[in-house]
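My questions will all concern the structure given below.
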C-alpha cells in the first residue's frame, strides 16, 4: 500500500509539472497585453520591436546553450559567413559588402533549413495521426477508441515533451525550433507504438496518466542513448538516426511491460475481431506510414545525408513488403491482411539505425530479412510470447517494433560505416532494461486508476449509434 | 418579383465574368499555336525565347504592380543584391562579380521561396479535399454528395478567384505566383466552411451558383480587412495571419445567412443520421485537417516566422484536443465522436489571427479555451441558435468556425504583439455584417433556382448501388 | 510450345537480373563490416572517412557520367561559382574569399534542390499508394487484392528500375539521387495504371512476373522518347514533362494489350460490383491523386518552372472536375460516382505534356475538354472497346489514361511553346506501338503461369473474415 501511495504521488507531481507552462504563460500574456495597449498610441512604423520580444520569449521557452547532437552537421552553411569574415584583410570595402551579403544569404539558408525540416515534421505528424491512428482501427469493437486515444496521446506528449526539454532535465535542449518539434513527435510515435500493445485495456482518461509517465521514461532513455546520460554511451557514438532503438524498441518493450500488469484472463479467451472495412482502414494507416517513413528517418539526418537516408528507407520498405508477401503465403498458406498492413513496415523500423550510414543494397536486404522476421513473429512467436507474459499484445508491436528494432540496432554493426559495435550492443541492452522497468511501473500505476475486467468496447465511453446497414 | 429578377440578372452577370478567361485564352492559344508552328523551322538552340513568352503570358494573367501586403517580409532576401550594388564603389571589378554572383543566388533563393510556399499550398489542398470533404461525410445519407460538392466548389473557386484577383477589382493582385494560389485556396476553404452549414439542402448545380456569389462576397470582405478597402481598416493593421476572421468567421456567418433562407420545417424533424463507418471517415477528415493546419497558418506568414506560426498552431490544436475530450466527457457524460472530430479543430481556428505573433504558451491556453467553447457550442448553444434562426446548421459550423473565429480575432488583442485593438474589433464586427448580408442574399438567390422540401439524399442526383453487406 | 519455353526462359533471366544487386551487396556489406570492426579501435575523430565510402558506394549504385535530360536546367545555380571564378582577376584576395563562400552557398543550394525534389517524390509516393491503391478499391470483391497488388508492384518496380537504370541499359542514368527515385516512381505509376486494366485477373505472384516484364518494356519506350533511343526522336524534342505520353498512354495501352490475352468469357457476364463504402474509399484515392498531381507534373520540371507547372496542373484538374460533373449529368441523367472519382483526374493526365510550357488559361480549357472526353469514354466508348478487344478494362484506364494521354501529347502541339509537332506525333504513335506489343507479350507470358476461369475474389488468396454488420 505504501508503494501505491508513492506511485499516486508521483503521478500528481507529474501533473503538477504539466501545469507550469500554464502558470508561466500568465506573465507572458499580461505582458503582451500591456504592449498591445501601448501600441494603440504608437504608429505601425516600428514593427520590429515586438518581433524581438516574441523571439526572446520563444527562446525562453527553450533557452538554448548548445545544439543537440542529433543534428551536428546542419549548421555548416553558417560557416560561410564566418569564413569570409575571418579571412577578410585586403580589398576591405568590397570584402565587407560581400560579408554582409553572404551573411544575409546565410540567414535565408537557415530559414530554408528550418522549412525543409518543417516539411518532414508535418510528414511525421501524418504518420502519428492517420498512420498509427488508423493502423489500430482494425479492431472493429473500438475503432472510435483507437483514433481518440491517438488524438489524446499526441496532444499530451508534444507540449509535455517540449516543456520538459526546455527545463533541461534530461540533457541539453535542441537548438533549432523544428528539431525540438521533431524530437517531440518521435516521443509521440514511441507512445503510440506502446499503445498498440495495451490497446483495448485503458479508458481514455488513463491514456493521459500513461502519457505523463511515458514521457519522462522515454526522455531518460533518450538521454542515456544520445546525450551521454549516466556516462554509459559516449555522446554521438550510438548510430540510431531513425530510432530503431530509441523509438521503436523502447516503445515496444514499454508496451509489453504494461500488458504484464494489465491483462485479465478474459482477454485471452476473446478473439480480437476485425472485418473487411476495419482492415481496409488499417491498410490506409499502413500506407500512410509507408509513404512518410522516409521523412521519419531523414528528419534527424544532416541535410546532405537526407536524400540517401530517404532512399535507403524506401528500399528497405520495398524489401520488407516483398518479404511479407512471400513469408505470409508460405507460412500461413493464405495471405493475412494483418501481415500486409504490419510486417511491411518492419522495413522502416529496421533501417532506422543505419539509414544515413549504409548502402541502398544493404537496405534492401535488411528490409527483406526484417519482413520475414516480422511475419514469423506474427504467425509463430506471438502466441508464445503472450503465453509467457500472460499478456495480450493487441497489435503485435513485439513483431513489428520490438524484434525488428533490436535487429536494426545490431545490424548497424555490420552494415553501417563508422559504427562502434559496443555502443550498439549497450544501446539495445540498456533500452530493453529501461523500457521494461518503466513499462512495468507504468502498468502498475495506471492499473491503480481502474482495471478492466472485460476488454474495451466503444460503448463504454462513447455515444455509439445503432448501426444501419 | 423585381428583386428576384435583379438577383437572377446578377447571377447571369457573374457567370458572364467567369467566361472572360475562356475568351482571353482563345487569343493566347492561337498565338501559342503560331509560335509552335514557326518553331518547327527553327533549331532548338534557342530554348529561352519561348520561356519569356510564357512568363509574359503568365504575368498578363495577373499583371503585377505591387506586392500584396499579405507577405510583406518575404522579399528580404532580394535586398541582398540591392545592398551590395548600391554600396559598390571601390574594388570595382571584384565587387561587380560579387553582385552578379549574389544576384544569381538571390534568384535561386526566390525559387526556393516559391517552392517552400508550394509545399504549404499542397498541404492546404489536402485540407480542402480530404479534410473538409471527408469531415462532411459523417452524414450517411449523402456521403457522395458531400465529396462531390467539395470537388465542385474547389474547382470553381480556385480559377474564379485567381481570375477576379487578376482583374484587380478588389485590391492589388499578389506578386508571387504561389501567394495567389494560396489566397485562392483560402477562399475555397471559406466556402467549404459555409457549405458545412447548408450541406444537404442544395443540389450539385446550386453549388456552382453559390460559388459564383460567394467568391466576390469573400473578396469584398478580404479587401476591407487586408487592403484598406473602403478605408475602414488601415492596411496591415489587422492581425489575422491564418484567417480566424477573414476565412473562418466569414465562412461560418455566410453559411448561417444562407440557412435562414434555405431550411424547411421538415429539416427540423429529421435527425441527421451517421453510423460507425461514416463517423470513421469523418475522423479521417478531421485528422487530415489537424495534420496540415500548421501549413494553413504558416503559409501567409513571413518566411522567418513560419516555424513559430506552425509550432503555435500545433500547440493550440493540442490544447483544443485535450479540452474537447474533457468537456465532452463532462457535459455529455459520454464522449460524442462528432465532438472529437470537430471541436479538436477549434484550436486551429482560434490561433489563426495571432499564430505568427504570440508565444507557444499562450497558444496552448487559447486552444484549450477554444476547445471548451466549441464543445459547449455543439452540446448546448447549437439547438438554441438553430431555433432562433429557424435554420439547421448541418455540420455545426457556428461552433467550430463561427465562435472560435471571433474569439481568435479578439484574443489577438491580448496575446499578440503589436496589435491595434480597434482594428481587431472593427474586423470582427465588419466581417460579421458583410458575411451575414451576403449570406442572406446568396440564400435568396440560390433558392430561386430550386428549393428542397425534404432534405438531400444521394439517390436524388447519383446513381446509387443497392447495398450489399 | 517453343515460344512458351522461350518466354519462360525470358522471365527466369529477368528474375536473375533482379538478383544481381543482392549479390553485389554481399561484397559491400562484408566490406562495411570490416570497416566497422576496424573502427572500434579508432577514435571517432575521423567521421568523414566513412562518409566518402558511403558516398562512393552510392555512386557505384548508379555511376554517373552525364545528367539525364529530364532536368536540364536544374543546375543553373551551380554556375554561380563558376562564373565568379572564371572572371576573377583583380581584387584577388577578396575575390577568392568570395568564390569560396559562394561555392559553399552553391553546395547548400544543391542540397536544398535535392530536398525540394524529395518533397515532390514523397507526394508522388502518396499518389502511388493511397491514390492508385485506393482508387482501385471500388471493386468490393477484391479490396484486399487491390491494395496488396499495389504494395507488391511498387516494391518490385522501384528497386528494379533503379538497378536497371544504374546498369545503363537504356540511356544514361540520372545524376541527382532524387531524380532517379522520381523516375522510378513514374515507372511504378505506369504499372499501376496498367494494373487498372487487368485488375481481378492476376494472382498476387503474377504481379511480380508482370512487374519484371513491365519495367524493361517501359524503359525501352522511355529511352526512345526521351533519350534519342534508336534515333527516332531527337533528345529533348518531345515535350512531355508530366508524362501524358510516356507514363499514362504507355501504361494504358500496355494494360489493354494484357487484357486481350487474359479475359475469359465469364468476365463479360459478371458485373463489377461496388457499394457505398468501396466507392467512398475510391473517392479518397481519387482526391489523394488530385491533391498531389501538381507535384507529379512539377517534379521533373526545371526549378524555375515548377510553380507554373503546378498551377497549370491545378487549373486543368479544376476544368476536368467541372466538365465531369456536367458531362456525367448530361449523358447519364444522374451522376455516376465512378465518373467523379475517375474522369476528374483526366485533367492531370492531359496536362502532363505541356504543363511547364503553356498558359493557365489553356490548361483550364484543355482540362475541361479532357473531362468531357473521359466521361464519354466511360459512358459510351468503353463497352465498344471491350467488345472489340474481347477484354474487360476493369477500371476503365482507356478512358482515364489512354485517350486523355494521347490528347495531351497532341494538344501540346497547339498550346505549348517551342514544340516540334512531328516529335509529338511520333511520340504518341511509337508509344502506342511499343505499349501494345509489349502488353500483348506480357499477357501471353503471365497467362503461362496460371489463367483464371472466374474473376478474382479476395478469398482465393487471403484469409477473409466473416462479415459482421
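Remarks
The letters A, B and C name the chains in turn, as written, and every chain counts its residues from 1.
One rule holds for everything that comes next: a contact is a pair of C-beta atoms (placed from the backbone, for glycine too) under 8 Å apart; a residue touches a chain by one contact, two chains touch by 3 or more.
Keep in mind it's a predicted model, so treat the numbers as computed, not measured.
Taking CA atoms, the transformation carrying subunit B onto subunit C includes a rotation by 120°, reported to the nearest 5. At the interface between subunit A and subunit C, under half of the residue numbers involved are used by both copies, so each side presents largely different positions. Separation between the centroids of subunit A and subunit C, computed from CA atoms only, is 31 Å. Counting only residues that touch two or more partner chains, subunit A has 91, 94-95, 98, 102, 105, 109, 112, 119, 277, 284, 467, 469. Taken together, the subunit B residues at the contact with subunit A in this complex read 76-77, 79-81, 83-84, 87-91, 94-95, 98, 102, 105, 109, 112, 116, 119, 123, 140, 234, 236-237, 273-277, 279-280, 283-284, 287-288, 290-292, 294-295, 298, 303-304, 306-308, 310-311, 314-315, 317-319, 321-322, 325, 329, 332, 334-337, 340, 344, 357-362, 364-365, 413-422, 467, 469.
Listed in rising order, the residues of subunit A touching subunit B in the complex are 21-22, 24-25, 28-29, 32-33, 35-37, 39-40, 44, 47, 49-51, 53-54, 57-58, 61, 91, 93-95, 97-98, 100-102, 104-105, 107-109, 111-112, 114-115, 118-119, 121-122, 125-126, 129-130, 133-134, 137, 143-144, 147-148, 151-152, 154-156, 158-159, 162, 177-178, 181, 204-205, 208, 277, 281, 284, 461-465, 467-469.
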